[in-house]
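Heads up, the next two complexes both have chain A, just with different partners, chain B and then chain C.
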Partner chain A sequence: MKVGHLSSFDFGSADLDSSIFFETAASRLGSGGRALAYFAVPEGKAHRLVMAVGFDREGRVEVYSTLVHGPFKALTPSFPQLHLFEREIFEQAGLKPEGHPWLKPIRFNTPGAEPGIADYFTVHGSQVHEVAVGPVHAGVIEPGHFRFQCHGERVFHLEIMLGYQHRGLEKRFIGGPDGRSIHYAETLAGDTAIGHGWAYCGAVEALCGVNVPPRAQILRGIMLELERLANHTGDLGAMAGDVAYLPAASFCGRLRGDFLNMSALVCGSRFGRNMLKPGGVNFDLDSALMQELKLRLENASRDVGNAVSLLWETASVTDRFEGTGVVSKQVAEGLGLVGPTARASGVGLDTRRNFSSGPYEGFTLSVSGSGDVYSRAYVRWLEIQKSSELIGGWLNALPAGPVEAECGGLKPDSAAVSLVEGWRGQICHFALTGSDGKLRYYKIVDPSFHNWQALAMALRGGEISDFPLCNKSFNLSYCGRDL
Partner chain B sequence: MIKAILARWKQGHRTMEFPSAGLKLPPRGLGLPRLKPAGLEKAAAACPYGAIAAGEKPGLDMGRCVFCGSCARAAPDEVEFTGEYKLCVSARKDLVITGKDFKRAETLGAELRKIFGRSFKLRQVSAGGCAACEADCNVLQTIGWDLGRFGVQFVASPRHADGLLVTGPVTRNMELALRKTYAAMASPKVVIACGACAIAGGPYAGHEECVGIPPEIPVDLYIPGCPPHPLTILDGILRLIGRID
Partner chain C sequence: MEIVKPLTQYLAVMLLSPLLPGVINRVKAFFGGRRGQPLLQLYFDLYKLFLKTPVYSRTTTWVFKAGPVVGVSALVAALAVLPFAGRPSFLTFEGDFIFLLYLLGLARFVTVLAALDTGSAFEGMGASREMQFAVFAEPAFFLGLAALARVTGQSSLAGMFGALTGDIWRTAAPVLALLTASLLIVLLAENSRVPADDPNTHLELTMIHEVMVLDHSGPELAYILYGAALKLWLFGSLIACMVLPRHSGSWALNSALFILMMLGMAVAVGVLESIIARLRLTKVPYLLITAFAFSALALIFQMGR
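Here is the complex of A and B:
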């Protein structure tokens, strides 16, 4: 069923007969559709499978559901982009996707499960060795377990086993919204507080049928782009650090902080916490603050341009960036990758363009092309320039008016799909209400959920010493994926 | 090469002075709370985490507070967040703000201070949470903050570490890794709980998926905030090792 992104729909009308559901899903995914979310909602003793499919070129969203009582047909063999979704359904609901190649746990949250204890893919041979890293890593970084099958320096296969950050977030939305819901959304991934916060607000607003005032939309846009600027700048610095090019690493490390401080200037928090609420925003800008922001943006953008230009002009950097960790366009599309990672492989997907809403009307896309570390770096640089331009433009033309609208109750027995282009890529929240108008189910898909597999693919055939650089070039979220 | 040197000149010297007079959080930032001890009922009702007690023993527990400001919006006459960033304490109970004197973190005893005062190596373990605390620890290592000038450094191995800095609510899935990391550190060793999650669960307080820092890992320094501002973290660490008082 075709639904509007950011508008509520009658959930019951998405119901299909079981055989038609799987046929429809396969035909949609086979004709340019991308799974935004695929999950099982408990319904009495049975479960309802729900799939949201996005058609990026047309900017269209479709939702289908069907009631299942036990095992169901796995679609992963034909559509690898579903591999983690089906493993998740098996782990969360106990429903077995028949024919799935390997139903390994993903969050180790079922009775008796122990983190990291699972079967791993292994390669055998007298000169093959295994390298295991984590969950505690060498830096100040989130936990995860990485297992490499190597021959000398060369990586045959990398398996990424996560779940250490699982803190049970999705189910805490159920029964809400309440005073804690927005904090859950803001801390799904702490570096994406605005991205996830906005996705949550968008879902609630759709279910309330409230229109967010234009001024609030633009203030949200400013915060989302500041979040992107801070993280992209930090990432470019971290990538420079991993190829031992310290000038850009040092400058970008400092400049990332300047962008975070601009967020703090608006809402008090360097991560944009407390800025958003369903219906609008908590903080407005007066003319003095706008002037200050403009000045800081101009200075920081100039300095970032200066620092980043060094990367492209330094042979020791480009030599390490080019041709390293390649993810082809075919792999990117097959795995349903999103965000700068997908755009660096030539995939033309950006929620701000393909599913444009709010302040992003008329947004144009940045793509790079070769799928290597260089492309992932370069696409970030293009996006930094665009974000900086966007904020500058918005600060010059901020519409007058209120910054919030009153949200009433949520429409019962309804659902809404909310998409936001976070700095790592497309964020999808799927909210479903019960007959009491409370949230009955809440599904969160962080861009990292799609993209972790890309890191494993990037390492295939590469050198193990390139792992840190490849890892930084994706900079994925553990907590956003583990929830 | 010449371009790198020119860039270095253009970017300038950007390391901030610390501590320095008049340093505080940004104007809209939420720092040390100030309370009126009477009439906190409205504020208490507005707090989604039960961090505020009204009635006979009024107080705001900064350990449970995620600094969302709901209380101050509901009861602006009773609760106010100041721009003061020095929030760290040595004992859990000192995180409860009552309106009386706030007892800041104390320096380690003379013996430990002698060992750690000029060179303090930290092993950070991220145990659940949202990774914002980690980000604000990482920022201390940038040139803007230059943590190294104080003799403090994050190290890769627990074997090299004098202190364990824990972030996150300690998920069940990270409990064992945290215990092993602590056990792998040589004594004497100190423990820092950084952020609302590590102190009392933060936004995830009450979740069965989270267990908290086990009692066998005794905490020497509490850094409140969600996440704490880098100023708060730096102030706490330097107080602990006696670099400022």
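Here is the complex of A and C:
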């Protein structure tokens, strides 16, 4: 059934007969639909499969569900974008998707499972060798295990095994919302506190039927774009660092801090923690603060422009970026990629435009690319410019009024889909209430959940020495995917 | 034969070499808008490492322990034929530049063996890259020295660089300029500097030299770091001797000028590293082939002169 993004609907009306469910899902995914979420909710002794499909061009969301008692038909062979969702259903609910090519564990959260202990792809041959990296890495980054099947410097296949960061956060939302829920949402992925926080607030507000005041919406927009600015700037610097291009690396590293400090100026946290709450925001801007923010934004944007333009003007850098780690548009669409990664491959998906709401009404930004590291870097640069333009515009025309609205109780037996364009891409939260008006199930899909597979594809046929650069160009979250 | 001057020169090289990486780091820090680590950081590191107890993996054998010791010994021995400010050191004999090449080859060989001895996938990868690039770097270096021998009519290092004067630069400038360019490329590649390698990265998959020495620790790591500093001095001093033919007759003045020139070299390397990005790994051989072509051209020009 058709549902509105960010509005609640009666969950019972999404129910379909089992055979019709799989037929409908296949036909929707085959005609421009993209799986936003696909999961199993316990219902008595059985499980209910729920799939949310997004139609990016029309900005439409559809939700279907069906009751299953045992094994069900896997759709992965026809729609590779579902491969991780079906593995997740198998791991969490024990329902076997029949016909799925390889049901490897993804989070190792079943009794007796040990992270990283699983069957891996192997390649045989006299000169083929395997390189295993991680889960403990040389830098201060999150744990993940990477296995390369190589022939000399060339990579045949990269297998990425994650799950070391699993914390069981989805379960923490069940029975809520309570005082802690928003803070769990903010820590889903530490660098996306605003993105996930907003997605959570959006879901709760939809279920309460509350309208967020315009001033609060714009303040949220400012914080989300500051988060995007900080992370995109940091990523461009990190990419420059990986090709040993010092000036851009150092300056972008400092400027990332400037953007984080602007977030701290608003809410006291460099990562925007505690800024959002269901119904509105916790902190308002006065005119002195707005002047200060404008001034800082102007300076930081100018400096970022100078630092980043070095990247495009230095031939040795562009030579390194161009043609490295290509993800074709076909692969991007097949795997259902999101965010700057998808846009760099020519997929026209931006939640701010396709599913626009709140401060993003009328948002336009068209970016595209050929799917290599250069495109992923350049898309970030275009988004940096757009974000600072947005913030500048909002600061000049901040509507007056309250910054929060009272949230009542949640509507019982309802559901809501909340989509937010975090800096890594589309974040999807799916909230489901029980008959008592408490959260019965809460499903989180971080952009990294879709995009990790793209990194593996980018390395195919590439060089193993390009891995760090490719990895930085995606900069995916481990804990966002592992939850 | 006097002993005081060669001995002073030798000790000066042994003592001053670790200063060069410090200078490079400060220059790079300046370009990055930072203050950077102390100039003498490598001395502090060496002191700290000598006090530490090495840790050995159970899979390694004596080859792993021998690598750094033989490597640094080869470089210390190589200094004996290395001219200082165009003056001979302890040893000088006909064709000693071939002796120098073999000593450098020996240092590389034992480093690679020690890396392979660990059985680690990373170190094997680094060893393979090191040998692959050596295939291109060594001929470029050898041919360059051969061309210089041809220009000066000498076949010992001290002889060649001692015979270089302003007059030779005036008559054979194109040949010498090509040789200088070739030596500079070889210096960058042999000392794992940008654009061939990145000495600052922590990413094992992209490293060449650094990844081969990942498992060494304590005094053995100190030997490796010290050996790397000596190697940088070695290549740098050949270029310095080349572009700074002796002018004054005073030994002290010449030596002081030479040391200044070496620091200038380090600054130049630092600037170069700051303004260009690293090459894609598969393109490093092209860079080294360019060096080889420069050396070959220099030899051809000289033959035709």
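Rule of thumb we're sticking to: the second predicted complex is superposed on the first by the 482 of 483 C-alpha atoms of A that agree within 3 Å, B and C clash if a C-alpha of one lies under 4 Å from a C-alpha of the other, contacts with A are read in each partner's own complex, and residues count from 1 in each chain.
Everything below uses one rule, namely that a contact is a pair of C-beta atoms (placed from the backbone, for glycine too) under 8 Å apart; a residue touches a chain by one contact, two chains touch by 3 or more.
Computed from a prediction, not measured in an experiment: that's the story for all the values here.
In the three-chain model built by superposing on chain A, chain B fits alongside chain C with no clash.
When the two complexes are overlaid on their common chain A, residue A:268 makes contact with chain B while staying clear of chain C.
Partner contacting the larger number of chain A residues, of chain B and chain C: B.
Of the two partner chains placed by the overlay, neither chain B nor chain C lies in contact with A:346. Contacts of A:334 after superposition: neither chain B nor chain C is touched. Looking at the shared chain after the overlay, A:314 reaches both chain B and chain C. Angle at chain A between chain B and chain C, computed from CA centres in the superposed arrangement: 60 degrees, to the nearest 10. By the touch criterion defined above, A:138 lies against chain B and chain C together after alignment on the C-alpha atoms of chain A.
Within the superposed three-chain model, A:247 lies in touch with chain B and with chain C [touch as defined at top]. In the superposed pair of complexes, A:464 makes contact with chain C only, with no contact to chain B.
Superposition on the common chain places the nearest Cα atoms of chain B and chain C 5 Å from each other.
Chain A residues 138-139, 247, 250-251, 254, 314 lie at the interface with chain B in one structure and with chain C in the other.
Those residues of chain C that touch chain A in the complex are listed here as 28, 31-34, 121-122, 124-125, 128, 194-195, 198, 200-206, 273-282. Of all the residues in chain A, the ones that touch chain B in their complex are 107-109, 115, 135-136, 138-143, 163-169, 172, 178-180, 183-184, 186-191, 193, 247, 250-251, 253-254, 256-257, 260-261, 264-271, 273-274, 283, 303, 306-307, 309-310, 313-314, 477-479. Listed in rising order, the residues of chain B touching chain A in the complex are 3-4, 7-8, 10-11, 14, 25-30, 46, 48-49, 66-70, 124-139, 141-144, 154, 156-157, 168-169, 171-174, 176-177, 181, 202-204, 207-210, 226-227, 229.
Those residues of chain A that touch chain C in the complex are listed here as 129-133, 138-139, 152-153, 240, 242-247, 249-251, 254, 314, 316-317, 319-320, 324, 463-469.
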